[in-house]
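By letter and in written order, the chains are A, B, C, D and E; residue numbering begins at 1 in each of them.
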């Protein structure tokens, strides 16, 4: 039971890392980023290459930094140009981006599944409730909690955090207060993609690498974002943990429902509260 | 989403516009009969027919966007439902083929209507995800319920010999199907145009724009919106039934969100603000993808690049660009 | 030195030309009114300053420096705070956060959170309510408070009396006069004649996108002022 | 006339890696034949379109290939693709040679005159498990299978085989498609007290499951075996996580027949790694096709079909017969384990079950 | 004397805060009732409760003696109650003309020309509402409420954002509606010139309760009202 609970937290934690990036980008740029899964995937591949060359932790750092830079470039080029467009139009661009990135990866790394190595420090198991549990999974839990806490306090207690929340509701009014929203969004989008890269690396040793690996998890992340309440960080955290648990206990107690459970949960939540758990007004 | 300022025709213009619209429609219908002759080969004809199925599906999604301001990521649900209901009823001879056809269109329409009653108040991405949920739920059922229609393998079926007294052999002949699909598309577009000019259509547009105020000026907002869902689903169901008939085959992919997503992309590329936009987008993308297929595995990158460029160059889609160029010409 | 000056500014929304050669200026400690009928372009002047229109011709000076490429933040970074028409409250932020946001440029001056909360006690009472839960007039107070938080050299107010109770409008009038006296420039866009009359020293009348008349308000009665505006 | 072979296969979808293997084998066979001035003088031309493993797209792309003259089709991956195009062969005047599709129906309930299969169907795989299972000492078994037609069917066949051998099934777990995290299933296998687990997962699922099972220490305590689970491709990805896993092998480059060894040698010379199971099976399909062309001395689909049905062919697995009743090639099947060969992990054949022993019952009523 | 609209014990709470506390209000047919009070007194909330915008409020709303408390806004509109909004609430993408026309359909194809002329919207007929100025949007908001000449009008600061002349025009229009057609008006307004020039009776709201009620002169002279609300200008 405890182990199942922990497994739920692992998957939920991964989902959180990914969805919170979506929330950041959506908030500031109003972009529904379909390419987020692809960025997650590229993060994993970059980390893989570095890890294969010798340093697992180096892979982590390089992937995160590279993805942060990629995010800034994306923001400065595409997203900024699109800021006056309808959401639905920006979806096209991120969708196109997804296709391009996937092809790029097959060209560089090929289509075959790759196995991400595990850092020596974290391989092995510990006994929890009399049953072996991979240390690495505990690491995933720790990473997501650390990210969640630091992100939450950054947003809640710092000035920049306040500006980010403000710009996420109304970029025009925020900029009239003297805030350079373009520069702010460079940071925020960069952070969002860096988190995608981080989650790619962290997920690497759990999942195999393939050019489409991002697609599978992207839908779950969108479910998290929507259940949490579009644009809500706290909501995303709660929703991610919820989906993580549902995913786990659903597999045990309601196997017939298959992958439908998260979707059903989402339908239930949205019918009850059309704006999601956090119920933020827009 | 948005309707362009000029798109909502004032009253006077509407009245003058209707006969013109009918003339255009009849001309388009007649033109459809030349399609089999201008197609260079049978396979070209077949491709044309299949692009028209896409066009219908994209029209369905686009209509929902245009009229209700709701983005659907699950329109394939109704596409697949149409195909499945028809194929299953026919393959098992549960009812006469005529009844099967009627049910294939009626069931998705009704489901969408009820769905619309419940979910129309959800907006934006959340709405897209809700629609995705019903599409995926149907997908899972079709995928895993083997007794229904062979689960993930999909099911081939034979057409009944006659439908409404007419022989059905032609329905799998590209030359016949291309004319049929074209005619249906033209009629559907005409119907949608007339609907959006009708009172209900305009009220739906007002509800899309500001639901709260619509209620305070005295309109119930659920029904008109649900009606739009139903109409959109009807068109998707027609497309699904046509495809199932033409292929003599159904598979769970007909429900899959990637098909819904593709349809949405087609609609936006063509210009979801315009009634004909989605159909044009669908046909253009169909051929772009087909061409890109020559470059085998790199086609996604090609299509992706096209999407990015198209969006940057013509945010209002192909039709939007055409209108803009036309508009500039007029102004001078 | 003028804090803000428009010289023959022409500005467009898309294809529609709204400003047709607007010229005016506001200096430090000056209290200036910009008036005109609905739809003449008053708000467009503010929008132009925030980079919301395309400037086809003319020159805009901030602190005497011609400024090309205006952005949303240009005004604020030059010591200009704006009370937007329609208030521009951030609905999901709390009242206090809305105020803190006004201090984003971190300019020092007499106005602090405490001072503003003293000025409008309701903003202190409701400090942790979200912005959307305020009444119309309370939001207006918040918008004014937020602008003051910037300790601006120039304060632009686009119809600030809208939605405020008469007693509060009285207070506002007194406040604006005091601010002017203390050296802050005031650009007041208003329909409320009595407020203009009590606050402004000079006025510009905007008509069809350009300045039709301007002058001093010393020794001008309310009716005369009304006459000027009704052009 | 050239011999035109169309290859509608997955180049960008879920099974893109398999599509790559298919293409490599088709190209290899083609180059080999053309180097000897074609098959009975007919040069071989190939063309492929991407099906993304989607049945309706497979149908569309196949139709295009046929209309462009590539009337011999081979290479679709998903069973659904094969089943979708099979009924159309007659209309198109083409033939289809299945090399990967596993669904029994293709040469069973849905058999048609213009469809042939050279690979093993699920029923043949099931027949291969039995002898192996019989000699295992594990009493309690669990099944972890993909919740799709193939997984369900294959899992049920295993259940039946186990029951027949007096084993106890303690858990039947069917995992939804595209799942990322197998932890809940792994925990359930552990809890069930199973001593052995039979895995019916392919591709990405197989890799994820094996990797996570190892992390949870499952592979240390429980015997793991499966079908399509440890293919050459997944073993390469998995590395040591695959070591010691048992499984059905449909083709292996380690098979010790002279024909196979010379094929492996030529292949390795060209691609510098031995052919995988899917590459071997696809190559086998090409071999059968080429010989049928020779025997018919024609490149017309009708003539080739006639030669194929009931024909005997020399292949890398020896002389094999393509049964006329259902167009299934009667081939031997293998069982083995993943172990190191020359320092490289790969599935190694331990038992061979003869073609006669795995031959499935004929369920096909061939329409005329 | 018939009561056109009556609220009994109207109450509205937000969390622990009571915005409207057991307020009674009764307006005769053809009366223009001013509703004034400090910012945050609960005026808009009162209109929200009467018009059905507030969800699950306390108290009862009677329209021509009939309890409409359970009815939706659209049902109330069909029975002759219309309202305008303090924060402009229009159809941004529809043209001015089109939205007025659509509004007229809900009330038996009422004439829109009159309203357009009265509120000076003719020149803006073809413009999408999002692109007209704030003051013009305010007038459009009001026009949407006036279409079809409803029996009971609940207006939330209709003069805000209008020029002085326009405010006076508006006052005249409202007076006209009341006198000629017996329209009943509940007018929330901070422009005292408008309020005192046309209201028959005035209710003063303070902290969610009714502070006083009476004729213009009475209210104007009430020292509590002056201190809490009117200030020096009045």
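Going forward, contacts are C-beta pairs under 8 Å (C-beta built on N, C-alpha and C of every residue); 3 or more make two chains touch, one makes a residue touch a chain.
As the structure is a prediction and not an experimental result, all values here were calculated from the model.
Q: In the touch network of chains, how many steps separate subunit B from subunit E on the shortest route?
A: Minimum number of steps from subunit B to subunit E: 1.
Q: What's the minimum number of touch steps needed to get from subunit B to subunit C?
A: 2
Q: Name the chain whose C-alpha centroid is farthest from the C-alpha centroid of subunit A.
A: Looking at centroid distances, E is the chain farthest away.
Q: Higher C-beta contact count, A-D or A-C?
A: Output for the comparison: A-D.
Q: So how far apart, in whole Å, are subunit A and subunit E when each is placed at the average of its C-alpha atoms?
A: Centre-to-centre distance between subunit A and subunit E: 48 Å.
Q: Can you check how far apart subunit B and subunit D are, centre to centre, with Cα atoms defining each centre and the answer in Å?
A: The mean C-alpha positions of subunit B and subunit D differ by 38 Å.
Q: With centres defined as the mean C-alpha position, give me the subunit C-subunit E separation in Å.
A: Averaging C-alpha atoms per chain gives centres 28 Å apart.
Q: Just curious, how far off is subunit B from subunit A if you go by their C-alpha centres, in Å?
A: 32
Q: For subunit C, which residues are shared contacts with two or more other chains?
A: none
Q: I need the residues of subunit D touching at least two other chains; which ones are they?
A: Residues 12, 16, 147, 176-177 of subunit D each touch two or more of the other chains.
Q: In subunit B, which residues are in touch with two or more of the other chains?
A: Correct list: 2, 140, 144, 297, 300.
Q: Which of the chains are touching one another, listed as pairs?
A: Chains touch in the following pairs: A-B, A-C, A-D, B-D, B-E, C-E.
Q: Given the complex with subunit D, which residues does subunit B contribute to the contact?
A: These residues of subunit B touch subunit D: 41-43, 46-47, 50, 140, 143-144, 146, 150-154, 156, 172, 243, 247-249, 251, 253-254, 293, 296-297, 299-300.
Q: State the interface residues of subunit A toward subunit B in the complex, per the touch definition above.
A: 26, 32, 78, 81-82, 85-93, 95-100, 102-104, 106-107, 219, 222-223, 225-226, 230, 258-260, 263-264, 266-267, 270-271, 274-276
Q: Can you tell me which positions in subunit C touch subunit A when the two form their complex?
A: Per the stated touch rule, the residues are 50, 52, 71-73, 75-77, 82, 84, 88, 90-93, 97, 100-102, 104-105, 130, 132, 146, 150.
Q: Would you tell me which residues of subunit C are touching subunit E in their complex?
A: Those residues of subunit C that touch subunit E are 13, 16, 37-40, 43, 85-86, 122, 133-138, 140-141, 159, 162-171, 191-194, 226, 229-230.
Q: Give every residue of subunit E touching subunit C within the complex, in rising order.
A: 14, 37-41, 44-45, 86-88, 124, 131-136, 139, 157, 160-166, 190, 192, 227-234
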